[in-house]
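In what follows, chain A forms one complex with chain B and a second complex with chain C.
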Partner chain A sequence: MDGKYRQVAYYPGCALEGTGHAYNRSTKAVGKALGLDLVELNNWNCCGAMEVKNVDPKLQTYLSARNLSIAEQMGFDTVMAPCNGCYHNLKKAEYDLAHDPASREVNQRLSKKAGHGNYEAGKVETIHALDWIKHSLGEEGLRARVKHSLKGLKVANYYGCMYTRPRHIFPEKDKGPGSESTSKPHFMDDLLAAAGADNVDYPLKTACCGGAHTLSDSDTSTKLVLNLLETAEACGADVIATECPTCHTGLEMHQVRAEKVFGRKTKVKILYFTQLLGVALGLSPRKVGVHENMSESRDLLREKGLA
Partner chain B sequence: MPIHEKSLIRRENLVSQDKLVLDGIDVSGHWSTFIENRSVTDYNEALQEEIAALPGGEFIHRCWQCGSCTNACTVNAINPDFNPRYWIYLIRMGLEAELLRDKDIIWQCVSCNKCTYACPRDVNPEGVMKATAHWLELKGHTEKKPSMIFDEEFTEQIVMTGRIEDGKVLRRFLAETGQPLLQDWLVALVRGLVFRLPVTLLAKLGLATLFHPRTRGWGASRRAIEEFIDERHRADRKALGLDIQGAE
Partner chain C sequence: MAALAQRVKGQAATLLARLDAMVALDEAVLAASAEPLAGELVAVGEKVLEAWLAARDAAPTQRQVEGFRLLALHRQGARGDPSFNACRESCRELVYRTNCARLAEEPADAARELRLAAMVARHLVLFIDGKLENAGLGEFCCSSRPLRQTVAALPATAGDQTGA
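Let's look at the complex of A and B:
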C-alpha cells in the first residue's frame, strides 16, 4: 500500500535451496511480476533452524544475528525471509538482543572472534513474504494485477507455528485493524482472496505439523499432518496454501506416509501461497515451480483452468 | 485445581477389601476402595535448580500450575500421558522417581510453542521440556533420543559449513538411528520426484551432495562457535554436578 518494501534484502535460507526450492522460485517470480526487488544477502549462513536452540538458544541468536549484520552492512533496513523458521529465528534474535543482556554478550563475543560486525537490535526489520506483499501492494494493488482469477478454487490457508508463536517476538502483530493477528492470522487469506480464491474456514490455521520431528518421531508427525489434511478436506478445500517450507515438505511427505503406513489416503493438494499468487498473476505453473513440488498438483490447476 | 498427585490414584496404589462390613453395612469391593498410605522420602531437592541451570529451564520457578500449557499442548492431544504441567509440578516438588516414569516420552515435544503462547507466567514450558529431556540424557537416565541425535547432526553441519543440506541430514540421521534409507514411503516420494523434476534441478540437487553448500569464510565463525559449544557443555555438566570431561 505504502510501497515501503519495494526493495528489500532477501534471506532465502537453507530449506529454500534444498527441499523448498519451489518456494524460492515462486517467491522470486512473484516479486518480479509485481515489480518488487529482492537482493539476496551476501554469503548468508543458516539461522539455526529448529535444532540449534536445543543446544543453546544464544548460539541460535548469534547465527541469526550474523545474517542481520550482513543486511545492515549491505545498507538495508529490511530483510525478508519467506521461511517461517528463518523468519521466526531472526525475529527471536532481534527480541533477545533487545531484552537479554546475556544474549547480547554472547553475540558480541562470537561476532568479535569471528571477525564480523556485531549486530545491535533495532537496525534491521525482519519481515515475512506475507508482510512483504501485503504491505507493498495491499489487496487493491494485487487485485489490479490479477490476470487469472483463482475463482472457484477452494483454499485452506495454513500458517503453522513459527509465524505467530510465541507472540512476544512479534511486537508488530495483534495491533488491531490492519495488523496481523497471532491467534487468527489472515494475511495469506487476504492476499489469496484478492487473487480471487474462495478461502474456506479452516480451524487449524496455526496447528502444528510436527515439523520439528518429521524424521525423529515420524509417527507423531504423520498423525498431526493427517489431521491437518483430513480437516482441510472436511472443510471442502481443494488445496492447502502454505507459507513455510518445513510445513510444506512435512505435509507432502506425511501425506504419502499416512497412505503407506496408516492406510489413510487424502487427496487435498498442497501449494505454496506464492505459487497460487504467481498463477493468478498469469505466470505458468512451471515458472512458479509447481513441477518441483513433491506432490502433484498440476491436474488440479488444469481442471480449474489455471494451467 | 488439577489433580497434582495423580500417582496416588494409580491402580497399584489403590486398595479395596473383597469382603468388608463396617457398622453393619456391606462395603465389599469398590465401596471400600481407598488410597494406600504412603510417605515420600526420596525427594531430589536439587531437581528444580538443575533443570533451571540448563538452557530453556530458567523460568520454571514461575509456574502457578494453571495447566494452560497442557491444555494447549499439541502432543498431549494425541498422547494424554504427555503432560507438561504435571512434569513441571514433579520437578518443582523434587519427585524425581515419578518424573522418570515418563522419561521416554518427554523428548517428543514438537516445539510448536502453543504452551509458551498460552502461559500466563512466562514459564516457557517448551524450553522446560527441552531442558528436561537434556537433563535426562546428561544424567544417564535415557539413551540419546532421536531428536537429540537430529539436533546434534544438524548443529554439527552448521558449525562445519555454516549451512544445511537437507539430503545429507536425512541420510546421516537414518544411518545413525539405524533406519533403512529405502523405506517404502521414502521410495514412493523419491520415485514421484524423479519422474517430474527437470533434469537441471536433479543435477543441481545431485551436485549438492558432492559439493556441499557452504558459507564462504566460515572458518573464524566455526572456531568461535566450537569454543562456545564446548564452554556450554562444561557449564551444563558442572551445574548437574557431573564430571566436566564427561562421556562426550
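Let's look at the complex of A and C:
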C-alpha cells in the first residue's frame, strides 16, 4: 500500500449529522484506531442530494463542486465521502465538469457570484470510505491490527445502488485486480474478511433498497427491504453490513415496518461496516455507536465475544 | 399509461404470489424440478421487463445479450432512463443463479440456487412495479413531485376553496 490516503479531507454530508450519526462516529473512530487522519471540510454544504438534482442538475453540480473547491483551498487533493449519495454526487460533478461545457459555465458563474474559487475538474479526487481503508492499509495492514476477530460472524455485504452506478462516473473502477468492480463490488467483503468475518454469497448486494420510494410509496419500500432481509437470512447471514446511511436507515426502519404492517419478522441485524471493523479493532460497541442503531445487535456481538 | 400501469400492477401481484410460493417449496420439490423452475424464473423476469417496455411504448426486443433475452430486455429498458440500471445486477444474478441451479450436482445446491433466484426475481418485480407506480415523480425522490405536477393536478388550497 502506498499510504496516499493517510490524510484526506472529510466530507460527512448531511445524513451523517442526522440519521447516520453512528456511521460518522464509527468512521472517525476507525480512522483514529488505524492512524488515518480525517480533516473535515470547512463550511461544507449539501451535495445537492436527490432534491436539487431533480430541480436542476447543474445546480447540483455546482453544490458538489463547491465542496471540492473547499477541499482544494484547504490544500487537499483527496476528499473522502462515506455516504453513497454524497460520493455519487461528487463523482458526478467531477465527470460533468470534465465533459460538459454548460456545467462548467454554470459552476463558474455561480462560484463567482458566491465569491469563492471556481473548481476545475481533475484537482481533487473523491473516494469512498471503502477506498480510503482499502488503499491506505489494505487487507494485510488491517489484519495485523485486528484484536477481536469477527470469525463466526456471517455477514451479507450490502452496497446499495449508488456506489457503482452509473459506471461512467467511476473511471477508476473495473480496472482489473486491485480495483473495485461495478458489477460485483467486493471492497467491503475484502475488508470484513480481513477482520475475520465469514461473508455469505449475497445475490442482492447492489439491489435497490427502495429509498427513493420511502415517502411516496412506503409499502413498496418495505417490500423491497423485506426481500433484502429475507434473502440475507436465506443466505445464512447474522448481519447485513452497510456502507450508505440511506440504505442503512431504510433497512432498519422497514424491518420494523415489515413486522407491523405485513406481520413478517426478520432477525438479521444491520450494522455499518465501520462499526464491524471498529469492534474487530478492539473498540467498544458504544465507541462505534452501536447503541445508536435502531437494529439492536448488542446481544449478538456479546454472543460472538465481540462486546 | 395509468390503465397500463394498473394492469401491470395486477400482473405483478400474480407474479409475486407465484414467487412467494416457489420460495416456500420443499428442497426436494425444488431440486426435482430444477430445469422447468429455472426456465419459469427467467420467464418471470422477461415478463416484468416486457411490462416496463410496454408502459414506455416500446416493442420488447426478441434479441439476446450474452445468450439471454432477459439481458437484452434490460438493456433496452434502461435506454434513456439510467436509473433503471439499478436492476441490472438483479437481471444478471437471475441468469447466474438459474444457470447454477441447472448445473448443480447436489439436490441441496440446486434447491438453494432456485430459492435465491426466486428471491432475486421477486426483487426485480418489486423494483419495476415500484418504478411504474412512481412514474412521473422524478428520477430519485418524491420531493420533486410538486414541481412536476401540472397546476390543474395540484390539490386545491384553502384559499382556492374560499375564493380568497
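Points worth noting:
Heads up, the rule we're going with is that the second predicted complex is superposed on the first by the 307 of 307 C-alpha atoms of A that agree within 3 Å, B and C clash if a C-alpha of one lies under 4 Å from a C-alpha of the other, contacts with A are read in each partner's own complex, and residues count from 1 in each chain.
Quick note on the criterion: a contact is a pair of C-beta atoms (placed from the backbone, for glycine too) under 8 Å apart; a residue touches a chain by one contact, two chains touch by 3 or more.
This one's a predicted model, so the numbers in the text were calculated from it and none came from an experiment.
After alignment on the shared chain A, the placement of chain B and chain C results in a clash. In the superposed model, A:66 lies in contact with chain B only, and not with chain C.
In the superposed model, A:256 lies in contact with chain B only, and not with chain C. In the superposed model, B is the one of chain B and chain C that contacts more residues of chain A.
Looking at the shared chain after the overlay, A:54 reaches both chain B and chain C. Once the two complexes are overlaid on the shared chain, A:161 sits against chain B and chain C alike. When both complexes are overlaid on chain A, the residue A:267 reaches neither chain B nor chain C.
In the superposed model, A:234 lies in contact with chain C only, and not with chain B.
Shared interface residues of chain A, touching chain B in one complex and chain C in the other, are 49-51, 53-55, 161, 165-166, 207-208, 210, 212-213, 215-217, 220-221, 223-224. Chain contact summary for the complex, chain C toward chain A: residues 82, 85-90, 92-93, 96-97, 115-117, 119-120, 122-123, 126-127, 129-130, 133-134, 137-145, 147. Contacts from chain A toward chain C in the complex involve residues 49-51, 53-55, 161, 165-166, 183-184, 203-208, 210, 212-213, 215-217, 220-221, 223-224, 227-228, 230-231, 234-235. The part of chain A that touches chain B in the complex is made up of residues 14-15, 17-19, 21, 43-46, 48-59, 62-63, 66, 106, 109-110, 113-116, 161-162, 164-167, 182, 207-208, 210-213, 215-217, 220-221, 223-224, 252-253, 256-257, 259-261, 291-292, 294-296.
For chain B in complex with chain A, the touching residues are 55-56, 74-75, 78, 108, 110-114, 116-117, 127, 130, 134, 145-152, 154-155, 158, 162-167, 170, 173-174, 177, 184-185, 188-189, 192-193, 196-198, 201, 205, 208, 213, 215-218, 220-221, 223-225, 227-229, 232.
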